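Letters A, B, C and D mark the chains as written, and numbering starts fresh at 1 in each.
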Amino acid sequence: MQTKEVHYSDYLQLDKILDAQTPESDLNGHPAHDEMLFIIIHQAYELWFKQILFEIDSVAAIMSQKVINDNSPDLQTIVHRLERIGVILKVAVHQIDIMETMTPMDFLDFRDFLRPASGFQSWQFKIAEAKLGLQFPERHGQEYYISQLRREHVDMIKSVEQQPSLLDLVDQWLGRMPFFEQPEHWKNYRALYPETPGKHPFWSDYSVIYANSLVEGEKANLAHFERLFFEKERSPERRLSAAACRSALFIMLYRGYPMLQLPFRLLNSLLEIDEQLSTWRYRHMSMVTRMIGLRTGTGGSSGRDYLKGALDKHYIFREIAALSSYLIERRRLPVLNREVEAQLGF
Amino acid sequence: MQTKEVHYSDYLQLDKILDAQTPESDLNGHPAHDEMLFIIIHQAYELWFKQILFEIDSVAAIMSQKVINDNSPDLQTIVHRLERIGVILKVAVHQIDIMETMTPMDFLDFRDFLRPASGFQSWQFKIAEAKLGLQFPERHGQEYYISQLRREHVDMIKSVEQQPSLLDLVDQWLGRMPFFEQPEHWKNYRALYPETPGKHPFWSDYSVIYANSLVEGEKANLAHFERLFFEKERSPERRLSAAACRSALFIMLYRGYPMLQLPFRLLNSLLEIDEQLSTWRYRHMSMVTRMIGLRTGTGGSSGRDYLKGALDKHYIFREIAALSSYLIERRRLPVLNREVEAQLGF
Amino acid sequence: MQTKEVHYSDYLQLDKILDAQTPESDLNGHPAHDEMLFIIIHQAYELWFKQILFEIDSVAAIMSQKVINDNSPDLQTIVHRLERIGVILKVAVHQIDIMETMTPMDFLDFRDFLRPASGFQSWQFKIAEAKLGLQFPERHGQEYYISQLRREHVDMIKSVEQQPSLLDLVDQWLGRMPFFEQPEHWKNYRALYPETPGKHPFWSDYSVIYANSLVEGEKANLAHFERLFFEKERSPERRLSAAACRSALFIMLYRGYPMLQLPFRLLNSLLEIDEQLSTWRYRHMSMVTRMIGLRTGTGGSSGRDYLKGALDKHYIFREIAALSSYLIERRRLPVLNREVEAQLGF
Amino acid sequence: MQTKEVHYSDYLQLDKILDAQTPESDLNGHPAHDEMLFIIIHQAYELWFKQILFEIDSVAAIMSQKVINDNSPDLQTIVHRLERIGVILKVAVHQIDIMETMTPMDFLDFRDFLRPASGFQSWQFKIAEAKLGLQFPERHGQEYYISQLRREHVDMIKSVEQQPSLLDLVDQWLGRMPFFEQPEHWKNYRALYPETPGKHPFWSDYSVIYANSLVEGEKANLAHFERLFFEKERSPERRLSAAACRSALFIMLYRGYPMLQLPFRLLNSLLEIDEQLSTWRYRHMSMVTRMIGLRTGTGGSSGRDYLKGALDKHYIFREIAALSSYLIERRRLPVLNREVEAQLGF
């Protein structure tokens, strides 16, 4: 145990934290009461972004191992931390309620003093997006966004984009899953339908059941299904391999088996992160609209339009979310043979 | 005081409320556990929609009076009830968290039994939108939405659309405001700039100040400003008259005066309703995407696309929201003369 | 698939749900606007209580099996549904925000018409408490609470109290856990300290480590520790056996192992339910205080005092919560031998 | 407008904010992942406490004026800022969800390194309580709490306690209200009951109506009523004078009148602050219980017991909350005469 005594104020370095608010409106001789709120809420956001980055890094470190040992706490730790990111983002969304206690007129009182600073300059947020898996070509308004950032921050983000992102690590982890690779476990699997050449008997059956489940107006999905799960070479626009998609779908379908529990929660936590990020962007956009209407943002952006553009494009785990289109009802699922079941249980 | 004794169960008619859940999956011989949740959450939503309609009706009744007496509790009552609708909608948004405890596989277990029922058939919600001010031509996917509803419900909605909506009543109330109509109060107003013909001296000044406030890239807003606040005849697409817009802007600018307090909160509560409705639609859309992916909704809609279409179009009070583009900084506001100030105080 | 077409309104039985609101103030000729809200919010609560009962029953049915097969989806299903109850309770807590839009004066307008009805007459809530594990002698204000309920509801609750509660089922499930019963798995366990007679070598070690971890002022905890985990006969006031407590503590300590993941989440979901129930009671009490002050409740209770009394007494899973006092740091944990580890992994 | 360009990172002083996290577990050579979360959440709390202090100070400055001009934006500003504090506290409560993603075992990993630091050493929170109106003799565990703080912080708190608190300022503001002081406005008031000597005719009537409203078991309230509203000299334990209580009750009763709108919301915002503070303390206590059970807190306190003790005692505006016991139904209210009504309207 340590010998030195720890004091709350020193431990939290409150001298720094509480001495970091200098309203521009004061410096400019037109003190505007609400600028303090504006500063503090953004600082609170940046603290949470730091925490989110810390969690992403720790998760990526574990997932970068060659093998994630199913008998270690690794998977549980990963899931726990990804779920925590979801909880933090929920509070971040809620925090917008505080910002909304500032009315447009109150914002106007100091808005001009901030130019050209802008929330787009939050490099921590951009790095978090990049570490999760957002890539430069997918970003909305690429040039604008680059122009806003300092050289050093652009470099940091670009360097992050060169590393494997969480999405890449998830793709690799899913692609490595050995369910279908071990023919000995499947030899007693009872195929329901004639085998399709080139497909594992399980997926051969699944394809037929899925095709039968499509109602009028959904028939076109079949082609997507074939491409998504069985294309030989990965299409350039895809972030998940066909093998990874098959693993992910299998996890969703048979999540009741103990061994698939944590993998299922891992996938779910990624969707939760995307959903909370997206809710955050949406509420942020609504708030900005309410605040500045059609006016130009302090950083010179067209405000609402930029945010709106990012809404649809910035879903990072959309290929995982899309898989729910290809599920079938539990009661039509192929029954697994005992050897496979044994692999999925304790 | 009443003589009959009241009992909780009778008072709440729990025999009806708690006996209104009959899962289709049971009737079809494939009981699916999560269908109970699906029924109950929709019933909870419908209860809240009933309450929201009840509040809208009561507010509309007060606002339909020829004059809203500033010395009566009328305005306070209106604001209180509109703010309550906002609080209800926040809980409605939160309630989606409960729905999200149902996974896509759990939904699939009973989804097919529900066809062609669909959430689009919630006539209470459609009526609420209509009472607030959404009109048929503004609705996304008009034919589809009509095709989903029963004749009787379509008739109800159409009949509501014929009545003055809350938005219409707000337009009339704003249009009636007497701030600028009484020349005697303004005779000591000190104009800052040469008068613009056809404009009240206050607005003549305001136009110049506003024009000066525009930064590079915003100059085009000036034409919008002129049209919005000073057009002689109402453009057919507008829901608020120029006079109503002037009143609303004046309220936002001078909300510090006691008499403008409640009017300001009234406008704000409308924006809050729109924002919560919009958040609800957005999270609903995200949830549906997560649940059924690209598949067809139980009512045959293209699911996500429909909901996405409605997102942008269904802002009911958007003309009020847009006014924040035309605010100017408090320290540049024209100073009101004493006679006008007296009108705005006690 | 079903042949009959399903319609939203019929499916949800909206004719019943939306026709179940009859304000007493209307019947008494003094219509009070806010009574509608009062009715609807209580009905929404009762819907959610029905759902909670439905989930508890389904969980209890699974847990009542002689053996919960670790290779079946049973445990995952139990955890999923208990966590859902937690999510529902969070919304129930949030719903109090809606109630708080009713001011004391608005409530007074119809309060007297409701006597002697009272929220204490919600038999669904009382049954939920009983099914979770609350027993009559632990209830605050027993006679009062009985006097409020109808004979039939008292009988229902009493009959529930005769059945094994969720707490009892958890006790049995924990008590059945075989970790320490199989001497062959532990034969290579390396004891750190001399064995204590009558204790398994693991617990013998643990007792010493725990004793060493106590700081000044905590020494008295040691006697509690011994009694809680090692008493031979169950003290009459205890709801968990010593063996169950040992299993629960082991689960908390070694939750990183795959096999203990779901058991850990199960325990956690029970604490979450207790915490949300308790938050609900607390916010409910605060709201009642704000609403009626020191006055007598409509059912004749002393309002706030009753609710306050229930706060502390009604923690159902408190014996599980209390176990966190007896944890030790991860880095001081006894290292498990390979044979035991193998039992806890896939 | 400023000439210097502002950049987001400089403006928010992110170099300080993001460089203020140094986990003790790292320094001690046993890095514990969750300590980062522990630091950051407390820093986020401290940022919000700073904001709350900033708002309280600004409100107190306005309320310290000899007269609050009803025709100025003063009252609106006060209410707006107090309501903002309520919104901030709601997010602070929600933030506990994040803390709860840390399990007891994760906390144990670094808990011992923090001794004797403790959340009780948050002097900002203690100062906020003092500025709102909590006084030393009302604090739970006075000596303990003093012993935890640094000399300089104790001095700061003591010095704040010497200043008029928000509660004192509210008492003075309520006591100054002129409703009943101007006999000329009341001369046409029609008394319903024979006058009580020493009471204003309005209060004379009100006393009779209130007495009649009491049901069996509430009769004892009458003595409280007389003392609370009509005692000649202020009892030493009271924070509000009888005159202030009469004003506050009058505001609650007749809040429909425009002039009482903002005063009513002001009183309500104080109760909301108390309720959120109390919810925060309650959830904090629940979390600590879940985290450390019966063990001693890092600062040496008995953890849960301290927090529990503070729960009941630290209601700052309880004398205002208690007034709702003395309301009567709207339809039994004395009708005000025209001259008084004119004072309460525009």
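In this text, contacts are C-beta pairs under 8 Å (C-beta built on N, C-alpha and C of every residue); 3 or more make two chains touch, one makes a residue touch a chain.
The structure presented is a predicted model; accordingly, all values stated were derived computationally and were not measured.
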Problem set entry | Neighbouring chains common to chain A and chain D, by label | B, C
Exercise. More C-beta pairs touching across which pair, A-B or B-C?
Worked result: B-C
Seminar exercise, completed: Taking each chain's centre as the mean of its CA atoms, chain A sits from chain B at a distance in Å of 32
Problem set entry | Averaged-CA centre spacing for the pair chain C and chain B, given as whole angstrom | 39
Problem set entry | Contacts with 2+ other chains: residues of chain A | 112, 255
Seminar exercise, completed: Within the complex, chain C is touched by chain B residues 1-2, 5-9, 11-14, 16-22, 24, 27-28, 33, 36-37, 39-40, 42-44, 46-48, 50-51, 54, 58, 80, 83-84, 87-88, 90-91, 94-95, 97-98, 101, 112-119, 121-124, 150
Problem set entry | Residues on chain D engaged by chain C in the complex (per definition of touch) | 30, 103-105, 108-109, 111-112, 215, 217-218, 221, 224, 252-253, 255, 268, 271, 275, 278-279, 282-283, 286, 289-296, 300, 321-331
Exercise. Once bound in the complex, which stretches of chain D touch chain B?
Worked result: 70-73, 75-77, 255-259, 261-262, 341, 344-346
